[in-house]
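Down below are the structures I want you to see.
Look for chain A in each of the two complexes below; its partner is chain B in the first and chain C in the second.
Entry: the complex of A and B
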């Protein structure tokens, strides 16, 4: 009775949810195949073509549309995201490890850390810029902006690791100690391999959050722009579908990263199962 | 072979040793005494706790625990849940630091030594196997990554030998998530034993196994231990397991040691009313002890044996009671009247449940080797009788 009413409503709800989630990307994807260089970023599609993809890689014939100034920005964003990912994940793992024990001021410190993801990004960026100016520190994407990125992504990595450690059975560590293995080696040989899926998730979080961070970077990155800033800069002049083509390519890149992650996970699970089956047959 | 009061005996041996040194006596007795002292050393305590206290806030989990264990001994530690037995084991292993007291292994004070330098093995109730490693790598773990570096061939040899000993030959390549509970237990044991600890602590090691497997693993545990000559301290909440496994049994009651004795002494001479209760083999009545009479709500009883205790209680073993019709002949002895409730068949015996005044359940065990069990009528009144000499009184 109840499900007859509830189920269609839920189905519609899920459908709408997916539409809002992927709709913009779908529109973006379709428009990236607009004819060029005359075709603009709007419907209808005058003619299907891959002009803007060629344009992106400098393969299109010269036209009045200048190439996207993103080459260096892409490199900076990738490097910054990589640096942020490593720093935040290391800090996240270490602090979550510390939070497994009770210590004085634990809850205060917890809220202070988590605050980093709640404070408005523009304020953090602005504040960092002001502090840098007053203290005479040069603003760069690899210094001041890096600091704001770590402050922003570290709480996420911390929370992911906290959740992982929450389900972690510490008796395996005690077992390792009782076998005469030092705590440091125990971490390397037991704890880390077991929390590794969590570490991977924390890394993905930190990387993606840093990669498309805008508001904090805007004020703190100085002269050399990161990718989101560079793309935003092109918008202020005139929007061409080459931005959409670039968006499609980066999204495909992100998805393939996730796919590699998923394949690696299933492979390791399947390998374990296959060993068991072979043993059972033999 | 075993000297029950080994500590005192060792002390005596030491005194003779001093005498021997200081006075330089050359009597024929000295050689014999030296031999005796040597024998004592073999049976000396390899492990001792002295006045260990552990508190959690206002709650005292361990209250001045003092005992020692000899080399090559199987000691079981019995206690109900909440008696502090797991805390005690974790304190010995070095996972928890005591608030007072010392932990000695051999002659070394290990109270402040971190767990990985204590050379004390620990077998967990949930096995705590390394889920990302194979059976072989689990067992080889302590040899590979322990404080003493060992060549990989030696690791391989010792690991394979240990797998053979615990009956896991040929299962080394399997993942630990793909083996049965009993096999997991063997891996946990092998992993600990391969590092050759002097003392192995087992925290309810059979608790996660089903009943059939539990009985088989009991025998296996004893066999493996005897083969290696290692000392086991086995914690359990099961009185049958404690009595069956241990050369000696330590009974823990609310963070204190209630009794340390051989299995049959614990069974026949429980040191307190609570110990009698944990054994699950005694009907225990509360009451008042005056002179040689014990007054309970069910009547006045005589008794054969008195054990000093803080609170008075009266205990009579299940199999020392007999039930008969209430109008039958009376022949002295202790009796009380109770209504029959039900019976439970145990294979070799039948346990009859009776209900005395105030809903107190009294169990009467009838061994089937003494003939077929009597038929009782539910709700009818019977007289339960026993010889006062068989009863123990506490107080």
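Entry: the complex of A and C
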């Protein structure tokens, strides 16, 4: 293999590739510090300022640019993501637990669940809206939109838990049962602590996917907007750097979620190790 | 099998290979029932509803459950909708090719050339990180990049490569393709890199010892072995691009109308029956594409 020549070329290519992935975001970050309210969403930067960040929080003096309607939308998106996270994680753990045994219809049910993450959001949203209109059910972000979100995030939680149970050593559970501990208590005291890292990952997936979900929400959420819908609303009108500033803030928020996840993960792994060592000593 | 029997089996067989039958499967049904009910109610019924409603009678402001082919005829008789159908298929094919062409060398480097596991993971994580930012913001971020006074034009002019700004970059089909490529390329890179990472290096070494040059190795060994990854990536990209409407809404200036955009407009004007027709057509295309891709390789055997 001409890897002496090829490897550096490919390395340079990967560098360019990463630039392609991150470039737009860098530009967006820079432009969020555009001068306001006259500065437009393009170069050159007339003057560096934090005007658009203040504008976002309603701290800027009133101008012709109307503020993004994000206050209540943020609350709705967070609540919805929280609800979705809990529901899909509980469903995911239950289903994966069921999949540890063989039962009839197992593979059909597997495809049924996985279908939820494959079917495009616009179709799920449309179908849900149709069912709601024809049956006369009101569409709300906490009812119909919530259902579409769980349909999407639950398969992710399920697959994560399935992977965790695949590597799970069930002899500890059997030990617990043979000592006469009830199955429910065994699950709470033995199984759950062991699968907890997986549960955390499932929760992270479900929360971030739901928080960012938009094509499903578009048709199924009714009048009150979630955060992605509020951003989608800016697509049709002239955009201002306040959308960029908002983009920077949501990115920071997502990364702090990721950081919380990393910390909890490290702690739970460390605790699992400590328990293992204690057992080894005893 | 009684519970005692089951437990006896478990104690004999090593834990890792034990068939998990320590209790009868009735408990499995109770555990899986909520999920099945939920998915049937909120996934299967809505999808069937789309098919059903596509045959309903649409009047100006409401739909009636009187079966008719009117909406189907409207769709196939209209130039706008047929054009949109072809645009969707064209953009899907182009993005499929661009994500593959742009993504494959990256996957090649990450999966095959980087043998250090930490570096490999770090590079993959770097590819995935953009996914932790909002999808819509990622789409919008292309506007200040591609515009007439956008970053790309400024850089190209600064380098003296072009004299006049390229106006064709934004609000054209090209901008939609660039945007979609950037957003979906990672779904190509991941599965391909995964498959490439599993190639036994001695295989390539053997081919080289026998005198094969790199292109021949790439064509005869590396690419065939990475094909399952390409297929998985293609399925991801296809399903997502075919269901798209936000990227074209944000970056094409309403010039590119995908089937997804038609659905959004029709729902906006309460034309449920026509929206459903488009939904069914989209579902059929997607089904055909996925089935076709799955014929290329037997994924169950490969993964």
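Convention: the second predicted complex is superposed on the first by the 250 of 282 C-alpha atoms of A that agree within 3 Å, B and C clash if a C-alpha of one lies under 4 Å from a C-alpha of the other, contacts with A are read in each partner's own complex, and residues count from 1 in each chain.
Operating definition for what follows: a contact is a pair of C-beta atoms (placed from the backbone, for glycine too) under 8 Å apart; a residue touches a chain by one contact, two chains touch by 3 or more.
Predicted model only: the values in this text are computed from it and were never measured.
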Inquiry  = Contact-wise, after the overlay, does A:86 reach chain B, chain C, both or neither (first, second, both, neither)?
reply    = neither
For A:94, using the defined touch cut-off, is the partner it touches chain B, chain C, both, or neither? Pick first, second, both or neither. second
Thinking of the overlay built on chain A, is A:200 touched by chain B (first), by chain C (second), by both, or by neither? neither
(Q) Applying the document's definition of touch, where does A:190 land relative to chain B and chain C: first, second, both, or neither? (A) first
Of the two partner chains, chain B (first) and chain C (second), which one does A:171 touch, if any: first, second, both, or neither? both
With both complexes overlaid on chain A, does A:181 touch chain B (first), chain C (second), both or neither?
first
Per the contact definition in the header, classify A:45: touching chain B only (first), chain C only (second), both, or neither.
neither
Larger residue footprint on chain A, choosing between chain B and chain C, goes to C
Contacts of chain A common to chain B and chain C in the A-superposed view 169, 171, 174, 177-178, 183
Per the touch rule above, chain A residues touching chain B in the complex are 169, 171-172, 174-183, 185-186, 189-190, 193-194, 272-273, 275-276, 279
In the complex, chain C touches chain A at residues 7, 10-11, 15-16, 18-23, 25, 27-32, 34-36, 38-50, 53, 63, 65, 102, 105-106, 108-110, 113, 123, 126-127, 130, 132-138, 140-145, 147, 149-151, 154, 182, 185-186, 204, 208, 213-214, 217, 239-240, 242-243, 245-246, 249-250, 260, 263-264, 267, 272, 275-276, 279, 282-283, 286
Given the complex, residues on chain B that touch chain A span 93-95, 114-122, 124, 126, 128-132, 134, 141-142, 145-148, 171, 173-175, 177-178, 188, 191-192, 195
Chain A contacts chain C in the complex at 1-3, 6-7, 10-11, 13-14, 17-18, 20-25, 27-28, 31, 41-43, 91, 94-95, 97-103, 109, 112-113, 115-116, 118-124, 126-131, 133-134, 147-148, 150-151, 154, 158, 169-171, 173-174, 177-178, 183, 208, 212, 214-215, 218-219, 228, 231-232, 234-236, 239, 243-244, 246-247, 250-251, 254-255, 257-258
